[in-house]
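The structure appears right after this line, and notes come after that.
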């Protein structure tokens, strides 16, 4: 089987039915873009989760009095509390953050929302201990033990906040995946249909080929390759769209949030990691769909 | 021309190429869902904008002293300032909000984020005058005039905050419309292709019809109706998806934000208003595409 | 009935004209054979009458229609007054015999009870009264051609055009089809038939118009296929 | 070369068998006419040899292949040793004459310089040396059929099957095609031809196998079309 001959047949096939080919490529592209978007959201969640879980699980906010007067945690109340926390076997690490440091962090988080900064004066923020737990899944034990202790104003379980944040992300991710799935079904049907239509419009040729003794592979390979080429083009376009989406949408709209460190940003590396999966998925699905279609629907 | 005959031809046509019909319906559905989603975001922006613009343009925050001690704005400094604001021809309306009222509003907005509430104590919030301007486009004039006046702590232009909010929305809307547009192109190509394939697979019948004297309308109407029926089904499914998306996604994930009044919620009425446009768009586009395809690509 | 005046036809993709300065008159009720070598223009001749093609020059009249110049939207009216039969039958494979015939009436919007009355009549005429519920593939070639003739005739057209209607049939079956066409001709319908089959032409002794390279080279009132044969 | 042993064929959608207990042997180099009324099973006979259909009963041998039982993937080998010609030519309309012929070689993976050498040779054999760059629609029916024969023969097959190769051609052109088939037969290629055309059968005086309702009713070494005619 000569490659140049097969190749020219594939090109002819794709050109013969341009509208169909373009529709197939566009649908594949959108499907893969959404799939890629969903995967990127997953990565973002994972990375953000990792950052938060590494840093801290529970905050112990100190009273106004300590916050205002004991900047280095040297006075008795604060130092006692720190000792108690550090010797607690359920707590892995303890970090002290005084009011000034809290303000710096607060300003960073709300960099993009100056009204918030105006609302909160330095003396409104408490000094606090940031605790990393041995068992991050059970913060309520810490909460019960230290609420009401001397010098403690409140115990805040940060994972609560994270859970709400992540549930919003999960919503976005599920929506993206849902649309991607519907699109994938459409793309699959389109691939199958394109193969059928290709085979149908060229059945005279195929019949003649088969009468002069061409093998089944020889007659059907062009249809299969057509599907794969279209799938490949769709995947490449999808990756392009993801990069464009990152540059023009994410970086502009969510740039502030990323900079504040509340969310881990999606970077080029993430897209690079997702891309091969998109390509493989696309090629795999189009090849399998094409093959199955040829076996089931195209009389040999 | 007997309706029952045409109808049975349409059904036969749609059934003959099920994969194509389903792909066409799915693509149309997604395109219209995204279009509808974009329109709903536009409505949400409009409504939110209307609420904010009705309520207030510029906040004049009062000093800590006034905020703490003059709850009814009866003392000289505050009363003078109010009089000055009320007599300013550039200002249409003035509302006084004391510290307690500010706290109530703040709690409402951050209902879903209890850590914020813990950060901010009542005495951190300022009392303020909420101004509605005659000319909302030029808040900087007010800002310049009243910054540094006696009793004024700061002048906050809320439109700045809104602009940032809306630019995020506009980003979402543009992304939605962009995907919807690409999808629409795919749907258009698919409709055109389905009509071509239909006409092609049934050319024997059509040829025979034409030889026995059938009019062009008689032979081509079924293809056109096929496209329209598929477009219609796609639109109905899209509306269903929008309702489902509202119930399962928006109401759960963004429920808190809606309740706080920061964003105006999307309600059933909005979907009801958007639906006829989706139906009309779908029918119109599929009919026109079908007709043009028949004229241009299908030899009579 | 049919009048061609100095008709020429050159296909766009072809260099030599398919028909060249052809003038032929066919009266109502005539039976005419159109013969000639392959590529001599017989099918083109018939296609011009049906306005499947328009002539490059000259005028074509069929019944009261100025075929070459009539508006496109009036073409269906012309075709409703002409019945066509082809070598490859052109039946719809997914419809029964009766449905195939009824199809020709449905398509031009005849009411359903007329259809129910006329179809069995015409099937009886062509001798297929017992096979109206069969599918085309359950019929022999000759029977399929009868169905095609029934469909062409069910509308009682003024004329019947047949392009090699016996080309795919064996000699015996061909004779049957010719007898049927003769019977239809006797009802007053003009019949114009293109054919290669010289035994048929020779045995019928009807008018013969011979084309050669697109030109009329012979027009005998009671001709045979080949003079020199 | 060809051996059918008690072959029957019943199509799924049909009630009556298309072939019934047919046993025929054709030796290498023979020229055989397959005649019979429409629907008598001629095309079915040829399709069985090509394994386009499998027999319901009986055995079919072609060259060294047990056609009815061979594995599917070996079918292409069988077909590469058989050339086919049909009534409707079956040329690719978007390829030139030379490309149409070359196609048969490309498809079975012949190297390009072999193709460049063989194609002009076979076009000369069928008398089309000057027209290799023409498109099919620029040729007469007879010329198109020659291209089809060239394509069937370019691979030097052991046998040539022809299903009514002259069905769409006028008598003169038919004669030319028959002369060509005879010439090919003289190179040692077995030729099996289904036809309705009695003048051809009568004039050639070759072996005639007649089918009727799927059964072999006559097998004459030097036959004519119809005995009673």
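Chains here go by letter, A, B, C and D, matching the order in which they are written, and residues are numbered from 1 within each.
To be clear about the criterion, a residue touches a chain if its C-beta (ideal position, glycine included) is under 8 Å from a C-beta of that chain, and two chains touch if they have at least 3 such contacts.
The chain lineup, named per UniProt: A, B = Cell division protein FtsX; C, D = Cell division ATP-binding protein FtsE.
What you see is a predicted model; the values in this text were computed from it and never measured.
Student: Please give the intersection of the contact partners of chain B with those of chain C.
Tutor: none
Student: Is the structure still one piece when chain B is ignored, or which groups does it split into?
Tutor: Contact components excluding chain B, positions unchanged: one piece.
Student: Let me check something: if the centre of a chain is the mean of its CA atoms, which chain is farthest from chain A?
Tutor: C
Student: Would you mind pulling out the distance in Å between where the CA atoms of chain A average out and where those of chain C do?
Tutor: Going by mean C-alpha positions, chain A sits 69 Å from chain C.
Student: Taking each chain's centre as the mean of its CA atoms, how far is chain C from chain D in angstrom?
Tutor: 31
Student: Determine the centre-to-centre distance between chain A and chain D, using the mean Cα coordinates as centres, and give it in whole Å.
Tutor: The mean C-alpha positions of chain A and chain D differ by 63 Å.
Student: Give me the residue numbers in chain C that touch at least two other chains, ranges are fine.
Tutor: Where chain C is concerned, no single residue meets two or more other chains.
Student: Would you mind listing the residues of chain A that make contact with two or more other chains?
Tutor: none
Student: Which category does the touching pattern between chains fall into here: line, ring, star, complete, or other?
Tutor: ring
Student: Can you work out from the touch definition every pair of chains that touches here?
Tutor: Applying the touch rule to all chain pairs gives A-B, A-D, B-C, C-D.
Student: Under the definition above, what is the set of chain C residues touching chain B in their complex?
Tutor: It comes out as residues 50, 73, 76-81, 84, 90, 92, 103-104, 106-109, 112, 151-152, 155.
Student: Report the residues of chain B in contact with chain C in the complex, numbered from low to high.
Tutor: Residue list for chain B touching chain C: 1-2, 5, 204-205, 207-216, 218.
Student: Could you please specify the touching residues of chain D with respect to chain C in the complex?
Tutor: 13-15, 36-40, 87, 135, 137-138, 140-142, 164, 167-173, 196, 198-199, 225-226, 229
Student: Which positions of chain B touch chain A when the two form their complex?
Tutor: The contact residues of chain B facing chain A are 17, 19-20, 22-23, 26-27, 29-30, 33, 61, 106, 112-115, 118-121, 124-125, 154, 156, 158, 160-161, 164, 167-168, 171, 175, 179, 182-183, 185-186, 189-190, 192-193, 196-197, 200-201, 245, 249, 252-253.
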